[in-house]
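Structures follow.
Heads up, the next two complexes both have subunit A, just with different partners, subunit B and then subunit C.
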Partner chain A sequence: MTRAVITGVGAVSAFGVGARRLWDGLLAGRCAVGPLRSFDASAFTSQVGGEVPPGERSDPSSWNLPASTGAFIADLQKRSLLRDSKVLFALLAAAEAWQSAGCGSKDSDAGLSIAYGMEQAFLEDLVPLIYGDRLDFTREARVGLPEIRIRSVFDQASSLIAEMLGITGLSLAHASACAGGALAVAQAASLVERGLASMVLCGASDSMLNPMAFGGMCRLNAPSPRNSPDACRPFDRRRDGLVIGEGAAMFLVESEERARRRGARPLARILGWGSTQDAYRLTAPRPDGVPAQRAMERALRRARLAPEQVGYVNAHGTGTPLNDSAEARAIRAALGASADPIPVSSIKGAIGHLMAASGAIELASCLLPFSRGVLPGTANHRERDPECSVEVIGEAPREKRVEVVLSNSFGFGGQNATVILGRFE
Partner chain B sequence: MSQEPVAIVGAAAVSPYGFGWRGLARSVRERRLSPGPSRELRLVREGALSFEVPDLSSEVDSGDPKNRKLMSRAARLATVAARAALEEAGWRDARDEIGCFLGIGAGGGPLDELRAMLLASLETGRFSQERFAQSGLATTNPLFAFHLLTNFTLCHGAIAHGLGGPNGAWFSRGSGTLVALTEAIEALGVGDCDRALAGGADCALYAGTFLELDRGQYLSRGLVPGEGAALLTLARDAAKPLARVTGWALDSDKARPISNRISDLLGFFDSRIPDALVIAPWGTPTREALFEALARRCAKVLDATASLGESLAASPALAWVVGLDWLLSDGLESVGVLSAGIDGDLGAVLLTRGEPR
Partner chain C sequence: MKAAITGWAWRTPLGPSVEGTVDKLLAGERAASPDLGIDAGSYRCQLGAPIRQEPAPTSQRKYLLRMAQYGLEAAKEALSSSGVLAGERLGVFAAVGGLRVHWGDTMPALAKQADDGQGAWERGLGKLHPFWLLRHLSNNAHALFSAEAGARGEGVTCAGSNAGAQALGAALRSLESKAVDAAVVFAYDSLLDPEALVELAARGAATQAALPELAAPYDARAAGFVPGEAAVALVLERGERAQDRAKAFISAADGADASSREPGVAALRRTLARLDARTAVVDGVGLARPDLDALERTCLADRVGAESLLTSASAALGCCGAAGSLVQAVALAESLRRGLLYPIAGLRKPAPGPLTPIQEATRTTSRGGLAVWAGAPGLVGAVRVELP
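Coming up: the complex of A and B.
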């Protein structure tokens, strides 16, 4: 059977632009969450986030990309085509993954499998359409307002990535909320295994750190009410909500044979994946965690692994009271008696919840055990919660050699996804 | 591409012809509907023509009215279709193992909410972020966001009907819906589930979507916006299937001339020689290219979008259901379905008569 391997990775996170920045931050056990700087959040219930450093967004010298790629992105910025931050993050991460995998024009047959969050609304664009107390779109045709967008185009980034890298293969855009990133990587592996593609650039990008989306999340009381960098406390007894982050992670996934043929060094194998639906409520996970458990079991079955072969669980771990307790139950149920000694951590305390991109950035962090023999820690996890009876790694990362890691991603609306990676020897 | 045939045990559709899929092929063939002045778009473009789903009766509509308020139009149509599909298939038990795979479109919220939010965010005629945070947001229901979350087109139906199996939603302007079908087939093939719903739901009548289509010059090239939802109920095995999905193909090589790509896709069919073809071109250029290529090959052709409108993510799925209805009502051995969405990809699906096991 054709096996899928990861041969390139790119990441953009609150630690900065580049996968190395993410890994260095996690290895140092740092927390990159802080006060929001890219817009005034003072009127919202939360003012902190895992924000990509504003200075790095417009500074091509910090991107560490080939000059032509950097110029392509900078030109889009000049033309105001990157108003939606997730498009910029997607381009940066994709370019890094492509470069780190050693891909070039000979790889133009690659496909794309990328997840995005909701379209960004541009409310300010609509002001010229106000007529009295009406919103009159017919004025647009009369006065000619070419810049009115209402919202970004869902898969705009995919079109631009294809143009930037000269990719001509099939382009898939996943819309599965916070499970999207994991599902996008899983489908890339599936396409490779089924022989429908031999190389897929995959991952996810998202940003809700803009007034409309962030304000909407605050209206739903999703963020932690604490306005401090340690607001997100996964699996901690004092946890009270998530912190919104932003960023992207992309991977080059290809067949092991193609990687060998072109001399690319695999970073990990993609061993299995599984998905389920809570079919419970729009905004709350099923408390018993059974659907999440079934996603993990499905992924183990596809990977042909026994639960005790899992060496580390990278949890969805949002830091919300409901998610973490349900997930802990699910992990214990799925991994059985072996759950106690299997270390579990969540990186959301360090970089926030990247929403549609969370599964992808967390898979990027799952490469650390293979490359550095280190399991990421759980920033701000200080007080054990008996409701979350799994072996949570504390704030400091843990040195440990593992062969198999399992990553969970659960989406708003009830979509659950699990991806299992294995060490490539 | 082809794979082990998968059984179709039922279907569902909500289209401009209303609720239901039986008889849809005949309605399309007789072109019983023409585009009319759009109710949905009256605030966006005076006199815009569209194909709209008529009001749904309370017997078929999606659950309780309170939940309906949280649904985008596409989510509502998808939820209605899911219930019908499950009922027709008689799938009442173990729904937590049923998969659901959908091509979906962009989010779209009520314009009234948007207007109220915007008006409350103005200060001396200009948009004020401060006013937006202090009073603009407060004008809307906190759950307004649920209209905009694209995956909720799938999730509302899954929650309403207890669909807990493997799942996925792809943003689709054509090919994503075919991908949803192929992933359902894959999930059945590898044993992730024994039963699955696959299809698409979308509404091209949201203000944002309509303006996007206008800017992309699709409207001026013959695209008539529509809306709808359609699902196939698929089973790994069935004693008496209605039909089978025998093969599929997808061409995303946009660099090649469309005529060559259509010929290649028809080559996929030629090895199986379908009795008839349903096509779903988004507008005039693809319609002309398809008819030119088909004139030499197949006498029986139905143009689904000509009488259903272009409902983006829903169009390919509606065309499959038209094909299924045609297959069954005319006693055909096989029907091919060719879809050509605005993403520029071409999709092909082959439906064949469902021989009893």
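Coming up: the complex of A and C.
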């Protein structure tokens, strides 16, 4: 069977635009969460988030992209076609991944497998209604309604990415909540392994840092009530909720043969993946963590690996009381007796929970062990919780050479996904 | 890869049962109506094909709006009819459409907002229902079906106008890799929301005709499709496991191009090329625009032969977005089982071109059929069904 490898990566996060900004932030053990600046959240129950630096959104000079793709995105911005942040983030990350993989016009047969957002509508599109715009559903609509739907469809970002890069392959749009990013990458690998595509640009983008979506999350009481940068404390005894972040991560996944043929240097192998469903509740994980355990076990089986071969676990680690304890149980159960020494961390304390894009951005962080020999730390993890009895890496990153990393993503609605990456040599 | 269909169910504008709806398809009925359940008096598009019956009462109503409730109903009914047991080896693959703001829930939070955006929380956002976000959650029907059915295997939720074909593809790959033993694939979508009706008419996709003047897809006077809605579910198993429980076999493909509108020739051809084309029966998407209909017929004729019979379930049921490929699969399979192909409802004067658009129910001995679906932006879905 053809093996899938990652040959390019792009990322947008609270650390800034670019995968290097993400990696540098994590290597420095920094936390990029802070007070929300893009809208007035003073009356909301939470007022902090992992915002992409506002200045970088509209400053093409900070994107480090080729002139053509940078100009394409800047032009869309000028024409007000990127009002929804997740479309902008998706384009930026896709352009970077495409560039870093060394792709060009000869790769137009590439497919797309991308997750956007976790809501059925792009709620950020509704924000103008708060600010005085009005939708007019009449024959003589003053507001450009055709553009409203164009801005809002799930696959709008995919269509724009395809146009920007000249891609004409198949296009999968995932809407699997917080597991979407991981599943998008897993589906890309599946397409490559089965010979249905030899190259797929995949990943996820999300932003809920707008009044509508953030308001909905606040009404759901999902964010931590602490309004401080250290609000999200994965696996910490004092954890009390998540912090919402925003951003995107994209990967160029292709067959090993194609990468070799075009002289691309793989960053990692995609060894396996697995997914399950809790079949439990919309907003709470099954407390015993068994379905999450099964997702890891399936991924290991698909990768033909023994649990002890895993060198690092990048946890979903939301910082909510229920998720982290259930996930810790699942990790111990899936990785058996070897769970104690396997280091585990979550980057959500540093950049927040990127929702649909969380699995993708966390996979981007999983390339650090291969490129720099460093495991990311867990920002704001200071007090060990007996309920989370796994080897959590503290705030400082840890130097260690590992061959295999396992990344978990568990979504609202109980969709669980695990992706396993391996060092390419 | 092809899999056996061992269970199916749907909710359509022509009724909730597969048998009853196919009876109506064969009779040439069409669901188009000016009664859309909303005040569309000022809209350019004033025809639609809504589902008439209310969703069955469910305790999940607080999380799910109308179309998702139909989706849940169809998925449960299909699973029950298949005899498949839930558990860790049952996967769930869902498909939803595009922008679907839940206006009824949302407008009260927006109605009293100030033009400068000040005090947004106090003026309404703080009064959103705590479940408001859950009702907008893209995978809520997937999650609630999994919970109700006890389905704990692999799964994804796909989105977009060809999401049904995407979900079918994901399910087939999962079955082929033996990650699951059975898969429930369900899709639901409605193009009858105000913003969809306005947008579809503005770009010339939806009809602006009154009912008496409505022309069918592939008609020489075709001028846009009828927006519709549907929820549909299939239960798939590998053939060796299904054995004599198989109603039909199905394979699927999806494709795209970089177009912001309906897909072009190349995407249609690439997608169709991935399916076995040995058939003389085709269910077309029927976008009901002369240029697109002609392009579709040309591509299909290249693949299946210019003499093949052409029908279109969407002529009767309306264009049902993400649910399209699954609706076609059920309609075509049930029709082939009866040996009687449904006509293109309302077709009076077929436009010239390859394939043979059929105007009345037609006997067929074909054991297989092909269906093609397409929608903006540049997305294609295709399925092939075969009788056991």
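By definition in this document, the second predicted complex is superposed on the first by the 391 of 425 C-alpha atoms of A that agree within 3 Å, B and C clash if a C-alpha of one lies under 4 Å from a C-alpha of the other, contacts with A are read in each partner's own complex, and residues count from 1 in each chain.
Here is the rule we go by: contacts are C-beta pairs under 8 Å (C-beta built on N, C-alpha and C of every residue); 3 or more make two chains touch, one makes a residue touch a chain.
Here the structure is a predicted model, which means the values were calculated and not measured.
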Touched partner set for A:166, first subunit B, second subunit C, both or neither: second
First, second, both or neither for A:156, with subunit B first and subunit C second: second
Which superposed partner A:394 touches (first subunit B, second subunit C, both, neither): neither
Which superposed partner A:175 touches (first subunit B, second subunit C, both, neither): both
Partner chain(s) touched by A:34 [first = subunit B, second = subunit C, both, neither]: neither
Common interface residues of subunit A - those touching subunit B in one complex and subunit C in the other: 39-40, 43-44, 116, 118-119, 121, 123, 126, 130, 135, 137-138, 141, 146, 148, 150, 153-155, 168-177, 183, 187, 190, 194, 196, 211-212, 215-217, 219-220, 274-282, 291, 294, 298, 302, 411-415
Subunit A contact footprint on subunit B (complex, rising order): 1, 43-46, 70, 95-96, 100, 104, 106-107, 111, 114-115, 117-119, 121-122, 125-127, 129-130, 132-134, 136-137, 140, 142-146, 148-152, 154-156, 158-159, 161-171, 175-176, 179, 183, 186, 190, 192, 207-208, 211-212, 215, 250, 252-255, 343, 345
In the complex, subunit A residues that touch subunit C: 39-40, 43-44, 111-112, 116-123, 125-126, 129-132, 135, 137-139, 141, 145-146, 148-150, 152-156, 158-159, 162-163, 166-177, 183, 187, 190-191, 194, 196, 211-213, 215-217, 219-221, 274-283, 291, 294, 298, 302, 411-415
Subunit C - residues contacting subunit A, complex: 42-44, 63, 86, 88, 92, 96, 98-102, 106, 109-110, 113-122, 125-126, 128-134, 136-140, 142-144, 146-147, 149-161, 163, 166, 169-170, 173, 176-177, 179, 194-196, 198-199, 202-203, 254-260, 266-267, 376-379
Parts of subunit A lying in touch with subunit B, wherever the complex brings them together: 39-44, 116, 118-119, 121, 123-124, 126-127, 130, 133-138, 140-141, 146, 148, 150-151, 153-155, 168-177, 180, 183, 187, 190, 194, 196, 211-212, 215-220, 274-282, 291, 294, 298, 302, 411-415
